Every structure is written in structure tokens, then in C-alpha cells.
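One structure is given below, represented as C-alpha cells, and several questions about it will come after.
Chain lettering (A, B and C) follows the sequence in which the chains are written, and residue indices restart at 1 in each chain.
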């Protein structure tokens, strides 16, 4: 995605991306710890949580090289984060960490969704597919994490809007691209709509419409 | 697959494809409901049940775009089906639905297997690989559905011939291609053999040879 | 990988590859039997255990055709092995078999890791990615096996060095490539280091550093 030549926007996006990646990786580590996995499992699940969604999207879109192949610094970063977390984080820190990660996780959901939409639109795919790729980018890291942890994916079973927020944000992103808006506008709108809906959903305790079987 | 210029054969195949896709999606929805998934989970598992097999085959064969990317109408259709099902289907309808879906599911198994064989043969792959791709197309939607639902895949554990029927049908398909038969003959033979074996297996209560460990 | 024109090295590598593939397939069969899977499940899980790691690596690296597509003899071999095993192996043989398979499995871990490193280096990928691809080749057959069997992957949860040995072996492989060593040297070094570490770990009962949560 070409951002305008405004350095602070680059910097902001970079900072947000790092924060989101850390949040996704930490959710993987904590999930692995709850399954009593060993150090290898913790690192793999952290990596899958952080990069699984984008990697699955690139597999489906047949794009190479993956983000983490182009920027191996991220892989080293995840490894260092795993070592640091395993040295210093204890059971009693899990809940506070998860609470502190809610915001970067939410921003990451929107940001990754926008990146997924952008990747699909750049290939000229239809809007629905672009939105699906956005949702996959934002959500399937967590899904693959839960599959490796042998659990029903949380994104499919906790009855709170998560993927749905990214779905809405993705459509806003796609819609804004119809106009002659500057490049960063759809990205920002996607992050704001996804994040705003997610915050609203958590704050007002919204539930997904249930299937009363 | 080029079918002859007989419009009713096109129509028949189209109708069967729709019926099979609905049956596969419904099996996904019911599996998700049994895991008490939310609306997002129901839609995703329905989608994976319907298109997961063909998508995995295309990933393995490196074919793009996927069927559902070329025909986004199917994605919209699955979404509409999910909404309708969640509004009107209740627990007491699950068993009758599953019984009513046995036939379209069986036809779908054979039809999807034939499509998978065709995709692999078009790339000049060996017969064994083509038959494997047929089985993957017909069976792995259900396997991925069960993995997402955190269950041992039914196709691997219910001791009744399912994948094996598609395996037999796939070999018949491959064999018929050696002759100067019209294009639709192998497809039809695959559907008939797969479906016939499956119906026989259910009717006579055949069991797969067990491993008496 | 071009090996020197020394026929016995080709033969040795071929024999080791067969032994490793058999070990990986047997681990899949035994895992499937423990889940009371049917004959279809046993064959599929055996196949995934044997070829899942290399197939996932080739998917990630966008390489086709897969090893088992080029050499369908291996697929027939796995099928024959499954039939033979189901006919003649009983519960009481599981533990002795697993013990007998420890050595070929360990050799396979190192050999498959070296093959994965080689595949990535041939594409000019960075060393870290090459080592990751080596680990994936050696380890993810077992991970996918456990996912299909609805279990937490053993490689992530048994607290004994397995993937870590392949990780170390992979780095040795990458390092040796910097020198003007003959082609077979990095391969051999990777197998010896991986295998040696694994044997040491089992013999001295090493545990991975635990996360004391």
C-alpha cells in the first residue's frame, strides 16, 4: 500500500503494526501455556497467531514471498518476545496482559483486515472476496492458533462480534475505494470502523444473534 | 469440463451441483450448531464444508482462481442459506434434515470427485494422483469442517465406506477416459458408481474392514 | 540435491529416506488406531504423517509438483504398508514398534530437515527461513497427523527436544554451505547433528526449558 509521503503516517502505521503483532503473538503464547505446551509449542503457536492469518491469505491469493519471509526481523522479534515472556510472565499476569492487549488486538484486527482487502483489490478480485480476505487476515491467525491448541476456535464460539467487525470494516474500506479518496483513507476508515464496532460490542456487551436450536 | 451442447445436461449438472453444495453447507451448519458455535462460526463452517474440498485441491494443484472466487454468487448463496437456516431450523429438524441430505450429499460426493479427477487429469497428472484429488475434493470439505469443530473427522472414524466409494468412482472415471467416450460419460459413471456404492453401503450396513488391534 | 557421482551415497540416502518414510507413516497409523479410526483414516493419517511436512513446505514455497506426485510409487508403498500393518500388527506390537522406529524417525527428522533447508536455499531465501522450512519439513507431518487425530501436537507438548534438534541441525547445514564443502557435507552434518542431539536428549532425558507459569 502506497502511503503518502508524510513520514509520520508511515511511522504511526509501523508502530501500530508492531503493537498488533505483539498482541497476536502474546495471545498465542498464553493459549499455548494454557495447554501446558513446551517452549517449542509456545514459539510456534505465537508465530501462527501473529502471522497465520496473513500467510493463509497469501496462500489463497497465491502471493509470495510472505511478509515474514521479506522481513525476517519479525521472526527474530517473535522469538525474542517468546524468550522474554517465558522468563518474566507468570500465571497471575495472564489476565492483566489479556486486558492490556484488547486495544492493540482490536487495532490489529482492523489494520490486518485493511491490509487483506488491499492485497485482494490489488489483484482485481471482486469486493466480496476482498472483504473475505480481509477477515481471513485479521481472524484466521487466531483460528489456526486454536486448531493447534486443540480447541474450538474462539472467533467462532464466544458469541461476541469479532470477525463481524472486520467484515463491516472491510466493506467500508471497499466502498471508500470507489471515491477519489487519498490512499490512506480506506485503511484508516477500516481500522476506525472495525475498532469502533469492537469497542462498542465489548462495552455494551453485544451478543451475536444466536441460533436458538 | 466441456459438456456436449445438450442444454438439459448442463441444467441437470447445475441443479445437482447446487443440491450437493447445499447438502455440504447444511452438514457444516449442523456440526457448528452441535458445538454451540455463534453465527460467525456457523457461516464459516458451512462455507468450509461446501468449498473446503475443492479449495484444498486447487491449493495442492496450484490452480487459481478458486471456484467461489469466480462465482461469488455461491458465497452469497451460502450466506443467505445460513441466515435462513438459523431463522427457521430447530434442533428437532436436524435429524430429518440429515436424512433428507443423504441423497444430495451422496451425489455431491460423486460429482465433486469427478470434478477433482478432471482438474488433475487436465494438468496431465498420473491416474493415482487424479483419483486422490477426486477423493480430496469430495471428502476434505467434511474433514476440514470436523477439524474446525474440534472433532475426529467423521470420514476417518465412522467405519462406513464414504471416501472409499469416491476412490472407486474416481478409478472408473479415470478408466473410462482411456476410451473414446463422450466427455460426459466418465463424469456420469463416477457419480453413478460412487453414489451406487454409497447407497449399497448404507442399505446393507457395510462396514470398512476393521483393524483388530 | 546433487549428490556426487558415488553410487553408494545415492543408495544410502535412498535407503535412509525409505526407512524414515516408513517410520513416519507407522507413527501415523498407530496414532489413528489409538483414535479408533477406520481403514480410511489409518491410510490418510499415515500418508499425512509421512508426506505432510514436505507438502506443507512446498505449499509455502510455492513449489510443484510435490514429491509424492513425482514419485507415485511412494503412495502405493504407503497403501501397501497400511494393508500389511492392519493385517499383521496388533495392540501389543505398538510399543515395540514405536521403540524400533525411534532410530529411523530420528534419522528422518534430520534428513527431512536437510531436504527442507536445501529446497529453501535453492530459492535464495534467507538462512532463518531455510532453517524454518527444514524444521517444518521434519516436524509438521507429525503436527498435521495430531491435528487430524484431534490431539494437541506431540511436538509442541511433550517437553522433549525434537523440533529444536532439527533447528540446530538446520543451522549447521546452513553454516556449512558458506564453505566450499562438497554437496553432501551439509546434508550429512544436518543428519548427524539433529540425530545426535535427539539421541542425547532421549538418553540423558533432557527436558526443554519449561515456562513456569
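The definition used in the following text is that a contact is a pair of C-beta atoms (placed from the backbone, for glycine too) under 8 Å apart; a residue touches a chain by one contact, two chains touch by 3 or more.
The structure presented is a predicted model; accordingly, all values stated were derived computationally and were not measured.
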Between copies chain A and chain C, are the contact residues mostly the same numbers or mostly different, with half as the line? different
Chain A turns onto chain B (C-alpha superposition, degrees, nearest 5) by 120
So, in whole Å, the Cα centroid of chain A is separated from that of chain C by 31
Residues of chain C that touch at least two other chains are 59, 62, 147, 150
In their shared complex, at which residues does chain B touch chain A? 32-33, 35-42, 44-45, 55, 59, 62, 64-66, 69, 72, 75-76, 86, 89-91, 94, 147-150
Footprint of chain A on chain C - complex, ascending: 59-62, 125-126, 128-129, 132, 143, 147, 150-153, 155-160, 162-164, 208-213
